[in-house]
């Protein structure tokens, strides 16, 4: 990435401490809050329709994560999203489990249709479900058949770019290889480790980081999203290197937060495995 | 346990990665998800009545934990449970705080009556409340008067077996000594450590593991439940051995997850303190 | 603190294991439960209006934390609070985000008006919002302009004391310097570390500890509150000393729990930096 330094993207987060409003699932919400604090942002959670507009008004960005959606919080997502749109705040959609139930697929689709979404961040099965493509999710995990590989990378990137054009949002698909694209350009990120799939919340935390990075870098949302994806992957690699003989996913989760906390712009730049696709 | 190896029960979990749907409390839900991932299963949480049937359909088992029940999620429990029953998926009931409030006692009783429950996993005070026996719970902890001891073990096992026969479910009562029984047979498990009572969620995590083990071992649900109880107790012992001079319940929680993550079938078999009662 | 030993306050918690009912946010609820277990108390969470009265009846204290309030749980807070008041159980209000939204400011005010509140524990921006003073909160964090400093300590303490007199509750304002006061007396606590602001939940956990300490020391609620504030700050200092070269806020969170777990009355007394203000 020449035009925009990853270093600057992270430095801007730490310099501005963006306040991110999260309407998210209760499974990983604590990790989401600590991940935002680790990277230098500040979290606030509010999902009550009567509360979300005031909260969004004082924030710099919004995350809508449907991991444990219910009718009340769906209403909160729309109310917060409309306010965010009116204020020009970036909105990140995490369509957890889209494709796994009608309610999830429809809700994610409606949020994407009706709100001014900045970024969609999900796994390939979720993103395919959003795109109306045939997909068989396996709960909240991607179907192995949907994996992005070196062999199908160009094809996958083309698919992501088309969806980005159609939705007018940046689309970030994470997996063994991450693809981040808008209608014009696409990046592949090869940071990360399979261990990320052995903790709950790696994707949720990333969606929060994306909101923080985009809020802190409003003029370069594609690069900011790519930087967030890279930071999360690099944190996973750093955490994995720290694993000792008794450590498992409990320690790994802690180490990921620690790695985000200690990461600075130079370390991000040095560790990044980012490629702009043709 | 001669007829069925504990080793095989755990190996089957890791080989099949059962997808477990959890309707559970928001206190320990993150630990539940990470415990399932640690043991080689996969978690999904969904409690909205309009969502749970689709989600249960793609899953292999269901956990109903009433730790922070509310009217909406109770409706979700029944809807998910009926779908699970229709599909032949195992259902595990964790009657958190039964006996501590009328709503909890009644809800647990109704779930047990109306659904095709495979396993009930609770402490003795909760299980006594379910059985309609006089019981005085102390919040979500067992009343010390209800402790299973070497002295009352035969009597306790007989009580558990009677409840199992009455409910047509396996009943797993955990405490200083764990008792797992169906109408015919009963096992005592002497793994575990009192430190498990100094973290929140040890019981909740175990109920999730039970669902994973039973889903992965459909022909031997009693042995599978016993294996899950043994695995959780052994993880506690492994975690306790790892405790250093500055460690407390924060580290212990992490170490329990790590121990589950690293446990294989041979370690489970070697560390098991399981006795079949006469 | 001459008249009442901090040591005794903590010893009483560990000797009596107070059962604390928490209606709190889903972001930090797991840490709240583990913090109560760490300090020797016992947690239970229940927010359903149909459940909370029975639960409060068997408990020794109540925490009302509005961090992720919704209409259902607000109703639960009033129902639980009225029962607690009727039974003479201490109630602690944590007005998370008061000042940040109308719903939060109004709800916190209503809870304070209508319930027999024992303690209010918040940051200065939240407490100012409760007092109707001009305040601009920054989400769930205090506005830097509201910081208690050595320069404005006397003035800050006077403000806190006036609010305590007006509300007939102990008021504990935490920040760089903590101020704990009733209408008559005020204490400054200089324990703690800025790292507490880099994890989610430090304030929430403290509010739970306050409930445990006040429940276990019913004759000395001001001193008990001061002891809880001191214990939390000291745990943060102990955790900070333990931080190694790879540690960040993930490990710090664990270390805080560990420090609470290992703290005894003598350590609390020895580490306390408490001053009674004139």
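In this document, chain identifiers A, B and C correspond to the written order of the chains, with residue numbering beginning at 1 in each.
Everything that follows uses one rule, which is that a residue touches a chain if its C-beta (ideal position, glycine included) is under 8 Å from a C-beta of that chain, and two chains touch if they have at least 3 such contacts.
For each chain, UniProt lists the protein as follows: A, B, C = Hydroxyethylthiazole kinase.
What you see is a predicted model, and the numbers here were worked out from it, not measured in a lab.
Asker: Can you tell me the least number of steps between chain A and chain C, where a step is a move to a chain it touches?
Answerer: Minimum number of steps from chain A to chain C: 1.
Asker: Validating interface symmetry: for the copies chain B and chain C, is the fraction of residue numbers used by both over half? Same or different.
Answerer: different
Asker: How many angstrom lie between the CA centroids of chain B and chain C, rounded to a whole number?
Answerer: 33
Asker: Send over the residues of chain B in touch with two or more other chains.
Answerer: Expected reply: 26, 30, 253-254.
Asker: Residue numbers of chain A touching chain C in their complex, please.
Answerer: Residues 19, 26, 29-30, 33-34, 37-38, 42-48, 50-51, 54-55, 58-59, 72, 242, 253-262 of chain A touch chain C in their complex.
Asker: Which part of chain B faces chain C closely enough to touch in the complex?
Answerer: On the chain B side, the touching residues are 25-28, 30-31, 67-71, 97, 100-104, 137-141, 198-201, 246-251, 253-254.
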